[in-house]
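Two complexes, one shared chain (subunit A), two partners (subunit B, subunit C).
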Partner chain A sequence: MTWSGKLRAGLGLAGLIVLFGLVGPLLTGDPATIRDIGLTPPGHGHLLGTTIIGQDVLAQLTHATRGSLWIGVLVGVMATVLSAIFGIVGAYAGGVVDEAFSLFSNVMLVIPGLPLVIVIAGFVPADQRGTWTISLVLAITGWAAAARVLRAQTLSLRNRDYVAAARVSGEKTWRVICVEILPNLLPILASQFVFAVVLAILSEAGLSFLGLGAADSSTLGTMLYYAQNGFALQREAWWWFVPPGLVIALFGGALSLVNFSIDEIINPALRERIRRRSDVVATTPVVEAVDEDAVLTVSDLNVVYQGVTPVHAVKNVSLTLRRGEILGLAGESGCGKTTLAYAINRLHRPPAEVTSGSVVFDGVDVLALGPEELREFRWVRLSMVFQGAMNSLNPVTPIRAQLQDVLRTHRPSLSTSDREARCAEVLRLVGVDPARLGSYPHELSGGMRQRVMIAMALLLEPQVMIMDEPTTALDVLVQREILNEIKRLRDELRFAVVFITHDLPLLLELSDRIAVMREGEVVEYATAEEMYLRPQHPYTRQLLASFPSLTGERGALIR
Partner chain B sequence: MTTLEVRDLTKTFHRHRAVDGVSFTLTPGRTVALVGESGSGKSTIARMIARLVRPTSGEITLTGQSGEPVPRRAYRDQVQMIFQDPFASLNPFHTVEHHLARPLLLHGRSRAEVPHLLERVSLTPDLARRRPHELSGGQRQRVAIARALAPGAKVIIADEPVSMLDVSIRLGVLKLLDRLQREEDLAVLYITHDLATARHFSDEVLVMHQGRIVERGPGDDVLLRPQDPYTRRLAAAAPDPEARFRPGGQP
Partner chain C sequence: MGYHLRKVAFYLAALWAAVTLNFVIPRLLPGNPVDILMAKLQQRGGSVDPAARQAYETLLGTGGRDSFAQEYLAYLGNLLRGDLGVSVSAFPAKVSDVIGGSLPWTIVLVGLATLISFVLGVGLGALVGWKRGTWLDSLVPATTMLSAVPYFWLALILVALLSSGLGWFPLNGGYDVVLDPGWSPEFLGSALYHGTLPALTIVLSSIGGWLLGMRNMMVSAMSEDYVLTARAKGLTGSRVMVRYAARNAVLPSVAGFAISLGFVVSGSIVTEQVFSYPGIGSKLLQAVQNNDYALMQGIFLVITIAVLGANLVVDLLYGLIDARTRDRSTAS
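Let's turn to the complex of A and B:
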């Protein structure tokens, strides 16, 4: 995979530089030895030439690299510890501690770093400006951003149930932080550490170049400082200033690569996407619809998630939806029911791929539609209510704008007043007071928002509505109202519904026919009555037995 | 007899009474089902009993085998909780072993009990070395149950223990809880929104609505012959294919 390529390159390069800094000084001579061969170009016993007073540049470079790496690691450790204390402890403790820590980090964050470093470093007398002092100054000015990131992450982690579970089992607070929370922050800590190291090496180089660096050590920055003071540029002694500059740039680049790959490990979405293929690879020729009354026919549909190990999510599924019919699609998580719904609406993006089969809607092959025809097909003829739809309303615009948007896109000829009237009409259809058009989503209850989503799906009078777990997130009383509404609307408007859920008793009560899916296959496809009274497949029977009936004989289940 | 008594429990969040004067008693060998919709306050009760949330007023008293109130320090030896989402309640970083060994050690037991704990929840001991993402939802919830048993708890608060699981494995987990309750004489509070399992798996049902208990009694009385209008609406709202297809049911 690509990320390991980045990681390999980054780690390899950084490793070489670290090795150079560690071993180099042992192999090269004393960098301070003065010779009378000033500014000798590379070659002749001095692999990288000499400085103006005849010091060996290679020897200086090895010592300077070691000095810079040392400062980088010191600052990295100190800044990471500071950010962990202020970010993690504050967020976990909450209340006043969090407020205070958070305020302090924010103040540190808005103080511009480099100028502050220059001021602080400038105030410390040159003879006391050691490696430790400079590292401390750099750490103090560099931890705040990381603390913010850690705080945000800890705030989300501390509300996880496993933290609550650890507290219930009696763990001490410090143990909860160190053992339960900290390990889950490791990727972020690692990336913040790497970032702090890069930043420290760069800042130190800047400081030293200005003559404000550590007095007792040689770093890549001090090397550049002496090159500058020796007029290396004017004398065209490139071998004096190019090598230290190159080491800084390469090390920074290498660690950035490492950081990229850490980010990619944390967030898989950043990994390079699998190359897009055409979204339909094969369509079988359209078969004449046998059923006169069929509005939607799915035949031998296969959907595969392409990847290292391809997942065959929908296998040879064939279904027929008649006008005015409610077709129930039952199955457990991962059985392919949502994938099937997406395929019917052609919503798949790579890596998902329809490998074979056909979807015929009213005599039209859906899988062969062009982009413009597809736009005309979706929502106008077939609409969809998505899983958790009540949370898919835009929170910052009123309901009216969101409903009108659909009309404006698909019915541009409608006048403003007609649009308004149509929006009010669909709301009335789903039992929501049209006065609510001006409301924002957060002003409506979950059930009400779900009704608005159904209203939106009804807006263009589609022939088919696909509803994916439309009531799963709702309470039973609200679910009951919405189910009654769907039945009533179906009777009034004669559209067909594909109703997807894991709740088989609900489907038995609601649907005309039911398809039970398992591991991508339809294992049983029958009328609701047939399925209830004479279930054929063992899995259907198992599912039916999983729902104890409220009124059934008590104790039959267990005792 | 270890008994947990909840008296006049009230919790107010920003002037909103999430739990309003709730009283009940959990006794060994009995399961009490707490039924209600989201926002009715049932999870807040669980969190107060587990000492994750402080009650605004009211008392939670645990009486030990000797008949004396259990001191605060020993409370968590006796009262444990099972969380709703087994995907969130196990730390992705740690092995099953860690999840069980920690509560064992914290309550003066030995790490060597881990295999036995796993067997008690019908899991094989070799699972101890796995991490949560290698387990199915049902296995995770069994591990969570084992974790609750680890300190030697006598009172178990199960907050929607199966609502996040696939339907075909729900009954298995509920039957396990039921078996443990009977075999080990546990006092169980089963919190759920599912009326059917509440009736089948409990000795007493409490129906909550807006922070109050509106109806209580044996499951059959409360759910088959509900008196309170809210309970009636709840019972009528559950999908019931029986009514559609069986003779005598309405069409």
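Let's turn to the complex of A and C:
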């Protein structure tokens, strides 16, 4: 079911139940009328049978549904207002107010709700326990979780540019909250409201079942209370006991369907359906490599993101990487260079598919590897350094575990001490103190994290390393250090590098050969010298002119 | 302030709030609990000397004879001495003894059932998230529906089907009453047998929440770069799933475990009512029905302290599984 399908089904079902509660009581007569036909099974006169004293179950059900809905809405509104006050206002005000409100919400959250409700209900004499009292108590004990979520959301909204702009331009606080912040919180508020209504109906049913419900109203909970005390189940009068619970369950189910779709509106990642199919749809037969020295040959590779309108991200790309060579891959964001890099290692995910072409790695047809062969191929022959090392390292384990993982998987015969020694060795290679092995990623600087990633890529001495913008997130000085490190390591260890960046002048300095990509195609492919002296394609010239280079002077040379 | 110190301080504040709520509620609400209690006490043949009355007044309010502050101090003093008063419904037992006798039942039943539900829910949620797009997806709406069903309704129907109908489980109670409570194998076996269906109903009605939460976090975690890196490293699928994706995705669930405990305890009150289980929840209801205010307040306090204590333990453990929280000194 698609998210709009869920929304429709949920709203439809919930709507039917609301209608049942609103209109039903007008059609079904007096629920309290006592007849001498106790416990009649469902039949002609009484569609859902009768209770032990002959009341019509259907009539009771309609009135009870109305009562439960009323309490649900009352509590829903009150709890949402309370959570909005404590969540939004606190977070917006900041400082002491926020601290106090947040402490209060958290305290209310950890104090168990139902025992508190029971104690309060226990102190209020039964004749004074009305719908409003019960609703108020349920609202007071049920708003805190929502306030926490709202606070977190408001905090992130507060720092957005447009809100800051509104505040700087002198708009009144209440106006900023109502006009700039509230509309953005609406989906969450709606979801919280729905949740509060369901929770209230369930809690009220529980309270009534315990004999602590509202004295002046009939709800699904009181109906169940009477059914239970009339031994409905023991007398096998399921028509008396099952329907009230079923109405609650259906209503709760319908609203959770609505909540599902609200979740999917807020978080699109939950929405997309992933079709499970092969990542490689078709390959072109491998032709014998012409170049004896080539370690990686990509021929006529095509990658398509399958969707309503398929996006052809990589078009007929052919590249050759020689042993020990640095191949630069340049192009603006979205030109397909990262997709290409992932496809070489078959890391691309649905909906991306390789639709044709071949990738040959030192005689191995990568696109034809089975899952287990592919897993053994990765990192041993070809390792990768990703953009933004902060996110590439697992935040919750020390880097030692992440380095050792590789050895444990690919070199299972290695002893514990050898593993430790190898990890220390690669860290030393990239200039990081091996004492850092016990550190967590957040304890390292950006440059150090990137060095750790490079060390990890070196662990198994692969023939090829793909580096996807390894220095983009770093400041210029650190960037320079890392680049020098890469060049030095390449000279020492003789691995080949595919270096991906949008900074063409940087590549001119670093690479042996360069491919310029635009809209999925390689528009120019030449040695660095050739490209520097005689750029052929107008786009290449444009790129060279538009980037101030690392050293600040080269870009200016090209016109 | 260090992470652990801040956590302890927060729970002390929460404890103080609960204690104060307990003090304020009987004084703010209508009715005259002390008179009702004294009347009850008289019915049961208890002493109605001024000392007994004074003890209840300390607990529930003197009706304006002493100042609020005086009452509050006297109340706190009694609490510190562990003096929760005398129960009316179980006269002449002390409230603390009544609680002591019933608390272990609840802790074992609710504790085990919650743990099972958490482990199962999180495990299944991780799997459902990881194998997204397969038949496992249908587990999500199915278990969510179970959470929308009124708990006691489901439990009663299960009792009717499995206990009355098929006779697989006992109808109610915590153990076979012919046995003497103790550490004998017969008694423990009987307690286990009696606890199975209540535990099963708790698991059934609470597993959906864990499953959905974990599955959604898993889906988010799977698009993180560190999972991509782990795949590029050629690690086995199960290792990527457990050590990288699930290890990160489980964090909010662990944090949420603390909060959900309050709900679990609430649910257990209803459970105990359904199964006539000899735990603290049925004692609470019994106290409410008999206007045994001292017992009511004592139980509320003990439940709150238990929940806060469990929360504290989980929060301290959380610091162990996520190093970042220890180093961050903002937000509670």
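What to note about this one:
Criterion: the second predicted complex is superposed on the first by the 469 of 559 C-alpha atoms of A that agree within 3 Å, B and C clash if a C-alpha of one lies under 4 Å from a C-alpha of the other, contacts with A are read in each partner's own complex, and residues count from 1 in each chain.
One rule holds in what follows: a residue touches a chain if its C-beta (ideal position, glycine included) is under 8 Å from a C-beta of that chain, and two chains touch if they have at least 3 such contacts.
In this text the structure is predicted, and so the values were computed from the model without any measurement.
Set against each other, subunit B and subunit C touch different numbers of residues in subunit A, with C touching more.
Of the two partner chains, subunit B is the only one touched by A:479; subunit C is not.
When the shared chain is aligned, subunit B comes close enough to touch A:505, but subunit C does not. In the superposition on chain A, A:333 contacts subunit B only, with no contact to subunit C.
Legend: residue contacts after superposition of the two complexes on their common chain; A:173 is shown touching neither subunit B nor subunit C.
In the superposition on chain A, A:229 makes contact with neither subunit B nor subunit C. Applying the stated contact rule after C-alpha superposition, one finds that A:114 touches subunit C and leaves subunit B untouched. In the superposition on chain A, A:527 contacts neither subunit B nor subunit C.
Across the superposed pair, subunit B and subunit C touch subunit A at no common residue.
Residues of subunit C that touch subunit A in their complex: 10-11, 13-14, 17-18, 21-22, 25-26, 29-31, 33, 132-134, 141, 144-145, 147-154, 156-157, 159-160, 164, 216, 219-220, 223-226, 228-236, 239, 243-244, 247-248, 251, 258-259, 261-263, 265-267, 269-270, 273, 284-285, 287-289, 291, 293, 296-297, 299-300, 303-304, 307-308, 311, 321-324, 327, 331-332. Within the complex formed with subunit A, the residues of subunit B that make contact are 37-38, 47, 50-52, 76, 80-81, 83-85, 88-94, 102-103, 106-107, 144, 147, 150-151, 166-168, 170-171, 175, 178, 193, 195-197, 199-201, 219-220, 223-224, 233-245. Those residues of subunit A that touch subunit C in the complex are listed here as 102-103, 106-107, 109-116, 118-125, 128, 145, 198, 202, 205-206, 209-212, 221, 224, 228, 233-234, 241-242, 244-245, 248-249, 251-253, 255-257, 260, 263, 267, 269-270, 273-276, 345, 347, 375-380, 383-384, 386, 388, 391-398, 401, 405-406, 409-410, 440, 442-443, 453, 456. Of all residues in subunit A, those touching subunit B in their complex are 160-162, 164-171, 179-180, 183-184, 332-333, 475-477, 479-480, 483, 502-506, 508-510, 528-529, 532-533, 542-543, 545-552, 554-555, 557-558.
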